[in-house]
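Chain IDs A, B, C and D follow the sequence of writing; residue 1 opens each chain.
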């Protein structure tokens, strides 16, 4: 558990501090060295174009990097892609996109799910029936296909309306959040329902507490672990969904970089006469490692937060 | 010719989390062919462990036999890996357990479960095995066995399930039946019928019966001999009639007194034993019973008393040998 | 035992299903397996779309004439010989005797005339229905304004077909060789309607006939015994493998599953070129194609109205670098819109090449153009492209190039449909485009940017350009003069126009050494009747 | 009259089934009927939703690099019925669906949607069935092995593999297996479906993550089952280790079968990617393509087919449950 948290925290820090690292420019097309195999020869290169970073956090870090490393940067340790861009830098930049998206979308899906489940659980009766039947119907749809349609639709819509807030990130975010809240809603509802009928809530009600204070004092603190546990499960799920969509060419689009995009480009470059294995192996390793860590973390948290459930479900 | 079951100085310990706890501390048992022996004691005294260790049913590890020997029908069961007991399991010694609720595999039909055991012990076709299963069910007193073999365990009542369990134990035609609290989980009327069944089977098949129970009433009804166990040791052994009539060990006496008596005067209420049985990891020194014993001598805390024969059949592990009573 | 009945039935069903599926995996190989491209949209000549579709159709059908890939002039096919009237307005074709459909029925001239009229009728929905616009009454007919009987395509007897044109057309014969004009079997069409293209009804007149078509897998054709030259046909059957991804084509080729791969992924070219002596590097055939990859600019967008800005954006792009470093597949840098190797009538047409601008010149042009519009900097604009990997790389490369000029452009990937919609709606600033020649004539290229052309889509309308093209059309028959006019128009297009030609395509194919009769050519045309295997 | 089959299928059948379900005395038959009633309703819902989505997408199926003349476009739209009001088109589509006709495909104009689906089904089915076969053939033995060797090196190795495989999405796993097996060692063909060995790798890639899931279920299920009292009965009756292990496996199969419904749906989704990577002439690739090509009819046909398949497979898994575990009653 401790190891898992440490590793995840390490990844997060690494990803946050990417602008600080002496990485090559992830967008710098450098054709003469296209499809270069991974190298261990040179660690530092001079005179290459440096990546430009903007944003309140990244820009100062990039300045700091200038001060620290000057124009020194890593050679393409993990090889280069078909346009000669450094894979190492692209994996780092892709991590920022993939992980941020997964994080935000999972928070969004958590809020939708928790709200839906809490309302259903609290109100009970017909409202509950209606809400949960709705969730069932949505759950019964072949979601991935709906997602494909929705993405195509939203993209076409975006294509038709140039100046909208709806950029590709927002499209992906909305879609992934919209399809991944159902398990959370179910878990939260079950918890709220069992809590609502629990003796200590009855006791509070007899003691004259208002509904709002019961909700605030008793239900929310007790339902929080469930919500948190479902959140830790939804992060890797959304990460996979994002990379799946990007892989199908429906998610993040070039020149945007995410791990799914990197894998897609890896497959595109892979041919029998030039087996550019690194373009698949390294992004795959990054994705698998993060998923493995998040999965382990989720499992651990679930066992800790919900000891009564941990044994029953596989 | 040697006895059917012979246990000599059996010691067994559990190793968990780096600690070893000795639960059997030198058990001696003998059961002749066709005989019946009841092993009696409070919960935690080691009777069930003894019974299971006879067929090496305990998981090894954590359980481990550290000393002593078990011979069943002349075969040594205690040496080597647990699977050496396969030679006697079912074919020489069958076993019935306490809880009929969970003793049968929930997803196997009665007939199939029995037939599988039959086929394990005699080389025959499925059809013959099914035929044999029907006979076995009839033998243990199930009505309409044709219908029963198609049923699932959860469709039977507790008593019927226990009968099926007995039929399974008998499927290999054993000479010895070990019954580990076979009636505890059943209600009184069913209990009586199951005990009747066991007696009948003994008579019909010439079975030897090792009956593990804490119920002296059951002992009186079903066994000829009894052994009283306390904290992993046999403290008294002898014919049921003699031991019940004249218990020698203070523990046996206490058990005897704890039994409600139908023949006694109404005001002579059962006397419950004071204190709790010791935990195997915190055994008192010397005679394990001495802290609870009203007759304890200073020497009792120092020395473990050996099992001494009082007469040909009756022996006891107490220096007082019933004088305190 | 009855507890096992349900699982057993289920198991048996699954096994039967598996057997059925497996029976589909093994098909006996054809004499020649060609890795083509995606599934044809349709085997109806009027509906087919791409060059890949055309190749499959060419094995099934033949027109009055077929393109001769080497000379560039059409050669006789169904027509034995033809005559053109003095003024070029009346074309008379004489059919070969004994022509038959693949079901053995005879083909006569009225059949072919009917087929041409079907092609024109709006209900057919032919994509290139404007091909025959030069014929009297054809345009009215395809627009639903006139009856089919008014179209001047006549069959006075069973073996003569006469076309009368409203104006002289510089390359009418080349038009007739186009795949959309392949004849359609009237008797089958009238019997089965739109279903005539299904494999069990399909009848054609080419060297091969359709055996079966499994989507996303293959189209199997076999020798048509009723074809005019069936005895001389070297191949008994061909498999057209329908595979979208060039990488898969290459992998299959390397594994020996294909005899010809009609496309090779760009990323594999350097590796293939690195081993020219051994397979598969030695099997690589490259040939310039009559196709241009270019960018359109929307002159209605802020900043793009002045030609100097467009010129700066166009001529600052170093095409040589693009081709030598990014593409590396043998593409030719495009300094003109019409590709090299183009003809004008029968004469070779050599396009004028624009001269590149140095960075300083480009900056100066940009400044002039912006000042004329009262701007100081060019507003950031979007460069639309498709999600195709090649497209994306070019767009990313361009984005990088334009930063050197101090111009900000944002690349936006769209699916092909969305891109088309936005281009058609004029809702773009700069967008990737390509044009493939339908037939080998420079006018086919330059007429795209006439004000009236539907292919223009840039809002660019330039009277002198239109005038030059009109004059060129009127000079049909006088190829040299016509070429001069076209060259002048092209110079105007490059100087004023709304396009950034980037490169001319190059066809790349892998051909096993034992395959003969494969002639690389600018139209990526393949004559299936000439292919043979010599092991 | 045209809409009669649709009314029968989508209105009458569910109502009748639901009424029967309410009337039926056996809980099992009731739930069976209810499930059956919900199938057409779910399909109808999904169809309506996808229809709305597809028709909301700008750009039509006839947009082309070369702009069509207005008359030609109008003729094409009339031919494919796209000139009618949307609601009418939807009604038409629904009544077609009731007769298992989805109309002509707009992108594959020589084929009706039904033909496209029938042509692609064998390959997809083969792939899916083999993937499920791998799922069971690898998942169950390895899960059992790990459970029987719990805590020892075999168990640890298998558990690590399970964790790894669960973390690898299909398209990642495919790449990792493809490179060595196909490109380095050239053991298996890279694409197509020409020889039987060509389905090995795709189905393996598709099945492995599910096999890992099954192995995990079996491992924990068997370990839990072995805690049961019945185990002592069997051992004491002299049954060998093997028989006991199988008996424990039998108990853990309940969760496996319950999972298979999900797995089948997952295999359908996964085949999308695998078919694309291995150029297998199945149904998967049509999905993304039809959405992108605005091939309305094919897209709708695919959605309906996949919804129905997922529903039926889930249902079949539920039906299998009581067969595996007699204690389960259909609810």
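We take it that a contact is a pair of C-beta atoms (placed from the backbone, for glycine too) under 8 Å apart; a residue touches a chain by one contact, two chains touch by 3 or more.
Everything numeric here is computed off the predicted structure, so don't read it as measured data.
Contact with chain A and chain D alike is made by C.
Set against the Cα centre of chain A, the chain with the most distant centre is B. Think of the whole protein's Cα atoms as having one middle point; the chain whose own Cα middle lies nearest to it is D.
Two chain pairs, C-D and B-D, are weighed by contacting C-beta pairs, with C-D ahead.
Put simply, the C-alpha centre of chain C and that of chain D have 38 angstrom between them. Measuring from the averaged C-alpha position of chain B to that of chain D gives a distance of 54 Å. Once the centre of each chain is set as its mean CA position, chain A and chain C turn out to be 43 Å apart.
Between chain A and chain B the centroid-to-centroid distance comes to 60 Å (mean Cα coordinates, whole Å).
In chain A, the residues touching two or more other chains are 152, 156, 159-160, 249, 267, 270, 272. Multi-chain contact residues of chain D, defined as those touching 2 or more other chains: 58-59, 190, 292.
Contact of a single residue of chain B with at least two other chains is seen at no position. Counting only pairs that meet the touch rule, the chains in contact are A-C, A-D, B-D, C-D.
Contact residues on chain C toward chain D in their complex (touch as defined above): 3, 6-7, 10, 14, 17-18, 20-22, 24-27, 39, 41-44, 47, 49, 121-130, 142-144, 194, 197-198, 213-217, 241, 243-245, 248, 251-252, 254-255, 257, 415-418, 420-421, 424, 434, 454-455, 457. On chain D, the positions that touch chain A within their shared complex are 42, 45-46, 49-50, 53-54, 56-59, 163-164, 166-169, 171-172, 175-176, 178-179, 183-184, 190, 216-217, 220-221, 255, 265, 268-269, 272-273, 276-277, 287-288, 291-292, 299, 302-303, 306-307, 310-311. The residues of chain C lying in touch with chain A in their complex are 247, 250-251, 254-255, 265-268, 270-272, 280-281, 325-326, 328, 382, 387, 389, 392-393, 395-397, 399-400, 411-415, 417-419, 421-422, 425, 427. The residues of chain A lying in touch with chain C in their complex are 27-29, 31-32, 34-35, 82-83, 152, 155-156, 159-160, 162, 249, 253-255, 265, 267-274, 276. Within the complex formed with chain D, the residues of chain A that make contact are 137, 140-142, 144-146, 148-150, 152-153, 156-157, 159-160, 236, 240, 243-244, 247-250, 263, 266-267, 270, 272, 275, 277, 280-281, 284, 287-289, 291-292, 295-296, 314.
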